[in-house]
Amino acid sequence: MYIFRENRGMLLKSLREEVLDANLELVRRGLVIYTFGNVSGVSRADGLVAVKPSGVPYEKMTAADMVVTDLEGKPVDGDLRPSVDLATHLALYRAFPSIGGVVHTHSRSATAWAQAGREIPCFGTTHADYFRGAVPVTEPLQPADMEGDYEANTGQAIVRRFAGLDPAEFPAVLVHGHGPFVWGRSADDAAHNAVILEALADMAAQTLALNPAATPIADARRDLHFLRKHGPHARYGQER
Amino acid sequence: MYIFRENRGMLLKSLREEVLDANLELVRRGLVIYTFGNVSGVSRADGLVAVKPSGVPYEKMTAADMVVTDLEGKPVDGDLRPSVDLATHLALYRAFPSIGGVVHTHSRSATAWAQAGREIPCFGTTHADYFRGAVPVTEPLQPADMEGDYEANTGQAIVRRFAGLDPAEFPAVLVHGHGPFVWGRSADDAAHNAVILEALADMAAQTLALNPAATPIADARRDLHFLRKHGPHARYGQER
Amino acid sequence: MYIFRENRGMLLKSLREEVLDANLELVRRGLVIYTFGNVSGVSRADGLVAVKPSGVPYEKMTAADMVVTDLEGKPVDGDLRPSVDLATHLALYRAFPSIGGVVHTHSRSATAWAQAGREIPCFGTTHADYFRGAVPVTEPLQPADMEGDYEANTGQAIVRRFAGLDPAEFPAVLVHGHGPFVWGRSADDAAHNAVILEALADMAAQTLALNPAATPIADARRDLHFLRKHGPHARYGQER
Amino acid sequence: MYIFRENRGMLLKSLREEVLDANLELVRRGLVIYTFGNVSGVSRADGLVAVKPSGVPYEKMTAADMVVTDLEGKPVDGDLRPSVDLATHLALYRAFPSIGGVVHTHSRSATAWAQAGREIPCFGTTHADYFRGAVPVTEPLQPADMEGDYEANTGQAIVRRFAGLDPAEFPAVLVHGHGPFVWGRSADDAAHNAVILEALADMAAQTLALNPAATPIADARRDLHFLRKHGPHARYGQER
C-alpha cells in the first residue's frame, strides 16, 4: 500500500509535468495569452485527471499547480481551483475512451470559425494529414444548457455532435459561438493538434477569401493522406 | 506635513511605476510602435493622475518621465509635457468613478473597426468574458468639436455614448474615425483589457469574413460568461 | 584642402552610418527580407548621396558598404554597385528640396495597395497624424518608360504625380504595380515613415473589409491631427 | 578508389550540411512548424540526392540525419527513412536538369492559393523579380494517381504542367489541393525562393481583397524586372 502510494505520487508528478508542458506549448506557439486556454491529461489506469488551475498566469505556473481530480471532478490533489472548463474535459474523457489529453483555446482563426458557426472544410492535404474530413461544429447551446451545469452541458453538446464520428479521426470540434476543444493520445499530442488546427483554420479562411466556391479535396485523396500518417498502414515518420 | 509629503512622494513613485509598466506592456504585446499610444493611472485618494509624456520613445522611458497632474490637468510634478490625449483621459476619470486606469492605442484591428464606424458585436464567449455586449462606437466628432478643446471634446463624445452603459461592463469604446480608448480598475488592468480588445476585434473581423450574416451569441449565454468572470458571483480564478 | 577632405570624410562616415542604421531599422521592423528594400540619405551641403549597395544581405552590411554618389549618380566613393533603384531616389532628391532621406520597400500591405492601383484613403486620425490626405498612387508606367532609363522614369512618374502636392505633407507615394517610395527629413525619418505607412496600409485594408463604403474623416479633423504633429503650431512631443 | 570514397564522403557531408541548413531556414522564416515541410539537394556529378528524414523534429535534426539516395530513390547512405515526398522531388530532378534543390512546404498563403485552385497572378514587380509570369497550379490529381505511387504521380502532374514552361523562369508550382513545391539552383536557393513565394502569395491575396479586378503588370515591365535580376543581362547585385 505504501508502495502503491509512492507509485501514484510518481505517476501524478509525471502527469502534472506533461500537462504543464502542454499548457506552455500553447504559449510558445502563440495560441493563448494571459490566462486563456487550458490543457488536461488523463491517467486511464488510475482514473485521474490533471488540469490547469483557473486564472493563473502561465509565467508563474509550476507542475505542482496542476489540479488533480477523478473522472467525476472530485478533487484528489492540489490546492488550487481547477479550470472552469474542467467539466467539459471530463465529459470528453468519459465519452471518448481512446483520448489521453484535452485542450481548449480561444486561438484566433479556429475561434472565428466557431463564432461564424461553420465547420472547417477539408480543402487540402495539410488538413487531411490530421482530420478525416471537415472539423465539425456543435449545435448552438440552448437556454436549458445555460441553466444547468453549463460546462458539463458543453461537453454533452460535443458528445452529441460526435454520434457516428470517431474521435481518433476527428481530433477537434468547434463549440458554436465559443471556440475549439481539441484532443489527442496525450496532453502533448492534444496541444500539437491544437496548433495544427489553428493553422488549418487560417489556411481555410484564406482559401475561401480567394475562392468562395472552393470545394473539399476528393475523399480518396483525403483518406490517402490521413492513412499515410495514422493507423496500422502509416508510413510517415520513423520506425518505432 | 513633512510626512504627508513623503507619503505622497512614495505614492506617486508607485503610481508612476505602474503607469510605466502598463505602457511597456503595450509594447511587449505589439499594440504600439514608436511613440504611439498612452496609458495613465489615477490615485483617487489624492486626485492625481500619472500619464505617459508626449512623443518619448518607449525604449528610453523611465518612471520619472511620467507626468503627474490633477484631475483638471494642472501639472503637479514632472518636467515633461503630458500626452496630447491627457484631456480625454481626464474626462473619463471624472465621468467614470469606478475606473483606475485609461489606455489609448492605435492597435490595428480595433482601430479598423473605429475607422469603419462599426461597433464590435459579441460574436462569442471570448468577447463575453470581457464585455457584456457589443463594444460601442461614438458618434463622429462634429466641426464644433474641432474648434474647441478637441481632446476634451473627444472625452465628452465618449461620455455621451455611455449614457445608460456601465463602464465596468463595457471597458472600452471605439472613437469614430480614431481608435480605442480602454479602461480598467488600474493602469495594469486597462492595458490588459486593451490587449484583449485587439484580439476580440481581430476575431470578430475574421468571423464576419467567414459569415457576413453572423449573429451575436444569446444574451443568456453572454451574461453567463461575463458573470462567470466578473462581479460577486464570479467563479473564475482563485480565491482572493 | 587637406582639412576639407578630412571634414568630408567625417561627414560621409556619419551619413553612411545613418543610412546603414535606417536600412537596418527596416529589418528590425519586418518591412524587408533578404536583400529587399533600400534606403539613401543626402547631404545637401555637399550634394552627396549615400545609398545601400545592390544585393548585399543585411546581416553582412557595414557602413563602409554604403555607396556614395553625387546627385546625378556619379560614383564618388565606395567599391560596390549602388542599389538598382538609385536613379529613382536621385530624381526625388532633385525634385523635392525639403527631403533628406528616401526609402523603398516591398512591405506587404503598402505593396498590395500599389498592386491594386488604389490610393490609401485617410480613414482615421492615425493616418492624419502623418499624411494630410490619401497616400497617392502614380499612373501605371508606359511602354516608353520601360525602354529608356526605367528607374529614372519611375522617379519622373512620382514627380509628375506630385504636381500640386507638398512632399512634406505627403511623405510617400505608391508606384503603380510596384510598391512604396517613402521620404523624410533624414534617412532615419524616412525609415520611420515607411514603418508607419505599412501600418496605415494594413489598417485601411482591414477598414474596407469591415465597411466597403467607409469614408475618409472630415478635412477639418484630418488637418487638426496633421498640424498637431507637424509645422509651426505642432504641440506633440517635447520642446526642442 | 579509396580516394574516390573519401571525396564522395566529403561531398556528401557538404551536401547534407547545405540541405540541413536549407531545412532550418524554413523554420527561421516561419514557413514550417513541427515536422512540416522538406528540402532536398542534388549532386548532379554523382547522381545523389540528400533529403530531410521523415517526421523528425527540426530542433533535433543533424546533418547526419539527412538521407542520401540515388535519383531513383535507392538508399545510398543514412539510417533513417527519407521524407515521404521524396519521389516528388526525384521526379523534378529527373525532369528539370537545371535545378539543384527542391523545397516542399505548407506555408499558409501559398497553400491557400493551392487549395483555392488558383494560379498566383503577376500583380507587381516584386513577383516579376522572381517569376516571369503567374505561379502555375497543377490539374487536380485523378483517382488513378491515388492508386499507384502517389508521390511520384504528384511529380508527374507537376512535370505535365510545365510542358512549355522553363523551370528557371518559374521556380515554383502549386499542387492543386496540396501546396507549393519550389526549386532553385541549390537547396539554399530553393529555400530562398520558398520564402519569397510565401510573401508573393500573401501580397497577391491582399491585392485581390483590395481590388478583385486587379490585373497583372504589363509583359514588358514584368520581363524588365525579371531580366534585371536573372540571366546574362542581370544588373542586380555585385559582380561575381
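Think of it as A, B, C and D in the order they're written, each chain with its own count starting at 1.
Just so it is clear, a contact is a pair of C-beta atoms (placed from the backbone, for glycine too) under 8 Å apart; a residue touches a chain by one contact, two chains touch by 3 or more.
Here the structure is a predicted model, which means the values were calculated and not measured.
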Practice task
Since chain A and chain B are copies that touch, just let me know if over half of their interface numbering is common to both, same, or not, different.
Solution key: different
Exercise for the section: Express in whole angstrom the distance between the two chain centres, defined as the mean CA positions of chain A and chain C. Expected result: 47
Handout entry: Separation of mean Cα positions, chain D and chain A [Å, integer]
Key = 34
Problem - Residues of chain A touching at least two other chains - result: 209
Handout entry: Graph class of chain-chain contacts, one of line, ring, star, complete, other
Key = ring
Problem - Residues on chain A engaged by chain D in the complex (per definition of touch) - result: 29, 123-126, 192, 195-196, 199, 202-204, 206-207, 209-211, 214, 217-218, 220-221, 224, 228, 235-239
Handout entry: Residue ranges of chain B touching chain C (in the complex, touch as defined)
Key = 33-36, 53-56, 80-81, 84, 106, 108-109, 111-118, 140-141, 143, 146, 150, 177-179, 205, 208-209
